[in-house]
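What follows is a set of structures to go through.
In the two assemblies presented below, chain A is common to both, partnered first by chain B and then by chain C.
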Partner chain A sequence: MWTPVALSRDVPPLVVLPVVAGGRELALWRSASGRIAAWADRCPHRGMRLSHGFVRGEALSCIYHGWSYGAAGNCLRIPAHPDLEPPETIRVAVHVAAEAGGLIWVAPSAPEAPPPDPGALQPLRSLTVEAGTAAVLSLAGLAGDTLARGHLAGVEVTVAVQPIGPARCALHVLTGAAGAAERIALSRELDALRRRAEAGEMAA
Partner chain B sequence: MTSEAIRNEWYPVALASQLGPEGRDTRLLGEPIRVDWAAQGRPRVRAADGREMATRLRYGHIWACPGTPSRELFDIPEADQPGRRLVDVGVVRVKCSPLRAVENFLDIAHFPFVHTDILGAEPHTEVGKYDVAIREEVDEVWATKVHFYQPQAAKSAAGGITTEYMYRVPAPTVSILYKTCPPRPGEWDVITLFVQPLEENLCEVWPWMALFDDETPMTDLIHFQQTIFLQDRSILENQLPRLLPLDPGMEIPTRADLTSVAYRRWLKRRGYTYGAQLVAA
Partner chain C sequence: MILYDYVLSPDCYKVRLLAALTGAKITLRAVDFHPGAEHRKPEFLKINPAGTIPVMEEDGLVLTDSSAILTYVAAKAGPEWLGDDDARMRARVAQWLAFAQRLSASIGKARTHDMLQKPADIDACRAGGIQCLREIEAALVEQDILGARFLAGDRPTLADIACFPHSMLAPDGGISVDAYPAIRLWTRRIRALPGFVEMPGIHRLHDLKPEPAKA
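What follows is the complex of A and B.
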């Protein structure tokens, strides 16, 4: 099961940030060369959140004691013991991350199918809403689940839906060729949608 | 109800210099307490039912024992040494286990990453061999011969130096750091962390210092220590699990973590589990 967690554009090289997918807290990060990765958000050393860490080159380092981890989640270096070759057993739990259609998708282990591809669209923005997925989609009048489609402010949109909790989700919004004015109107409509959903408004 | 091993310890509950006549309503081990002054400047600490606890006024702070003290409040002989400046740093509230706060204070390997350019800096990240022992005769954890390169070891240190430290845990929520004192070779600066456990996942931390430093303005000394601790707080509030694991398996210690390993073992063997978790739990 793939979960969309961010717009590709919002995670440039050397960035790490916390995301939630399938009920798990993950550190999402992109290496200098552009490789995207999603790992358990917990350093095996002393449990610090890796999403507070820093990216150097192709490795993610923990902010607490600087242990760094390579592409496979294996520990590369323990700064307190620079001459020590870290044992193979020190590993961060790695999830599968992939990109399709301007979105970053995450799955706990390699699914059979590649992530859904929304087609050639433009990223608009992501927003988090403090309301359940189903309530938000029906209030917006959008159809579908992971990739929901419809119209907002008169603009055709595709929304990748990321459930975060029973009363929280994130929407990653893509559009076709829309002009600047339409994009602004759509963005305002999304803010209004969030306010209404968070105020508990239900679809008529 | 917490166990006797937990209730019979001493805990800091207020900074004497900041305790006004109105007193202080706070919490200890998950229960409300009230700290105020009784007659003749004697501190008084009462549980919700009005019961008075054993108290001490020492090291700038008011200490209380909710049970029956298993021993006298630990001694810091340096506190009475002439020529030292005693620094009340104040309080910082941290959403973490009190034990995680103490353990972090015993850790040097984080200096280059968390206190960058103050207490440590890359590439000087190596933690050399040091000695750790549970001193049975006093029932305390001690780490000695700890050396670390510091770009700015203290307010009174102008440039980078290799600093020597000793660490001491005289009570489950107290840590004392002894550190080379640049203006007075042969003496140790004393920096403590007194931790008041409000809940298993919430504490108030009272750093306190006894220094040989006549130059630095008091506000700078306080500010330096607060800056350091606020950096630590961003770590402490983001460690998982929130409770300190006392059994091995959940975390991976290395040689640099031997003080932490001894501290956890010492807690476990005395049955001190407030703010801790056992793997089986």
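What follows is the complex of A and C.
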């Protein structure tokens, strides 16, 4: 089961950030060469959040003691023991991350099907709403679940929905609208939608 | 220029940051804000009767507002930071300097409540802080649509310096910054500026530094 966690555009090389997918806290990061990865947000050494860490080249390093981890989640280097070859058993739990249509998707293990592709659209923005997924989508008049489609502010939108909790979700919004005025109006409409959803307004 | 300074204060850090970015020479005079409450002592009140920091003093001029101090440092050492390119940019800078007061009153208060046990209506401070962060995020999204990477235009100005510290330090006051992708990228751009300096809670971009050599 794929979960959308970010717009590709918002995670350029060398960025790491925390995301939630399927109830799990993950560190989402992109290497210098552009490889995207989603790992358990916990350093095997002392449990520090890896999303507080930093990316250098193709490795993610923990901010606490600098332990760094390579593409397979294997420990590459322990700065306090520079001559030690880190044992194979020191590994971060790795999830599957993939990109399609300007979105980053993650799954706990490789699903049979590739992630949904929304088609050729432009990313607009992601925003987190303190309300449940179903309430937000029905209030917005959007149809679908993981990829919901409809119209907002007079333009066609596709929204990849990331459930974060029973009363929290993130919307990753794509649109075919190219004009600056249309895109700004849509962004403002999304803020208005969030205000209405968080005020408890229900779809008519 | 003498800056009456406290290392953990975001409003003092703004001034240190701008001075570092512009090459302005400032002399720091540490104020024992906590636990000594030196800013409430008679000697300090002679300089600033309001008992607040930062304060900047130079040749009889005493400035007690962080936005005024930023304006003074920029005018002297880096006029491009004033953002005076055109009417719109100038007004945007003024607006974000005013907005920074709301950051201090929400995130700033939540932070001193959590870190220094100062009294505050913590729920109201956090709600106000989230509202401020959402406004910055929405503004950065619109700026990006218009092809500008910073709050007042396509280059950094006082607007960014005024709003950057509290946007980074919100977690100190129990306010998450995880949900703001535009803010994340904007703060990275500021942290990548040549001459950038740190404060506790705001570190440089380690990924821009080479790997330390093996011993």
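By definition in this document, the second predicted complex is superposed on the first by the 202 of 204 C-alpha atoms of A that agree within 3 Å, B and C clash if a C-alpha of one lies under 4 Å from a C-alpha of the other, contacts with A are read in each partner's own complex, and residues count from 1 in each chain.
Here is the rule we use: a residue touches a chain if its C-beta (ideal position, glycine included) is under 8 Å from a C-beta of that chain, and two chains touch if they have at least 3 such contacts.
Please read these numbers as outputs of a predicted model, since none were measured by experiment.
Once the two complexes are overlaid on the shared chain, A:15 sits against chain C while remaining clear of chain B. In the superposition on chain A, contact of A:55 is made with chain C only, not with chain B. When the two structures are aligned on the shared chain, A:82 is found in touch with chain B and with chain C.
In the superposed pair of complexes, A:90 makes contact with chain B only, with no contact to chain C.
When both complexes are overlaid on chain A, the residue A:128 reaches chain C alone and has no touch with chain B. When the two complexes are overlaid on their common chain A, residue A:183 makes contact with chain C while staying clear of chain B.
Contacts of A:42 after superposition: chain B is touched, whereas chain C is not reached.
Once the two complexes are overlaid on the shared chain, A:166 sits clear of chain B and of chain C alike. Taking chain B and chain C in turn and counting the residues of chain A each one touches, the greater count comes from C.
On chain A, the surface touched by chain B in one complex and the surface touched by chain C in the other have residues 63, 79, 82 in common.
On the side of chain C, the complex with chain A involves touching residues 134, 137-138, 141-142, 145-146, 178-179, 181-182, 184-185, 188, 205-207, 211-212, 214-215.
By the touch criterion given at the top, residues 6-7, 10, 12, 14-15, 17-18, 54-57, 61, 63, 79, 82, 124-128, 170, 180, 183-184, 187-188, 191 of chain A touch chain C in their complex. Here chain B touches chain A in the complex through residues 107, 109-110, 112-114, 122, 125-127, 234-235, 238-241, 250-257, going by the rule given at the top.
Residues of chain A that touch chain B in their complex: 41-42, 44-49, 52, 62-66, 78-82, 84, 90.
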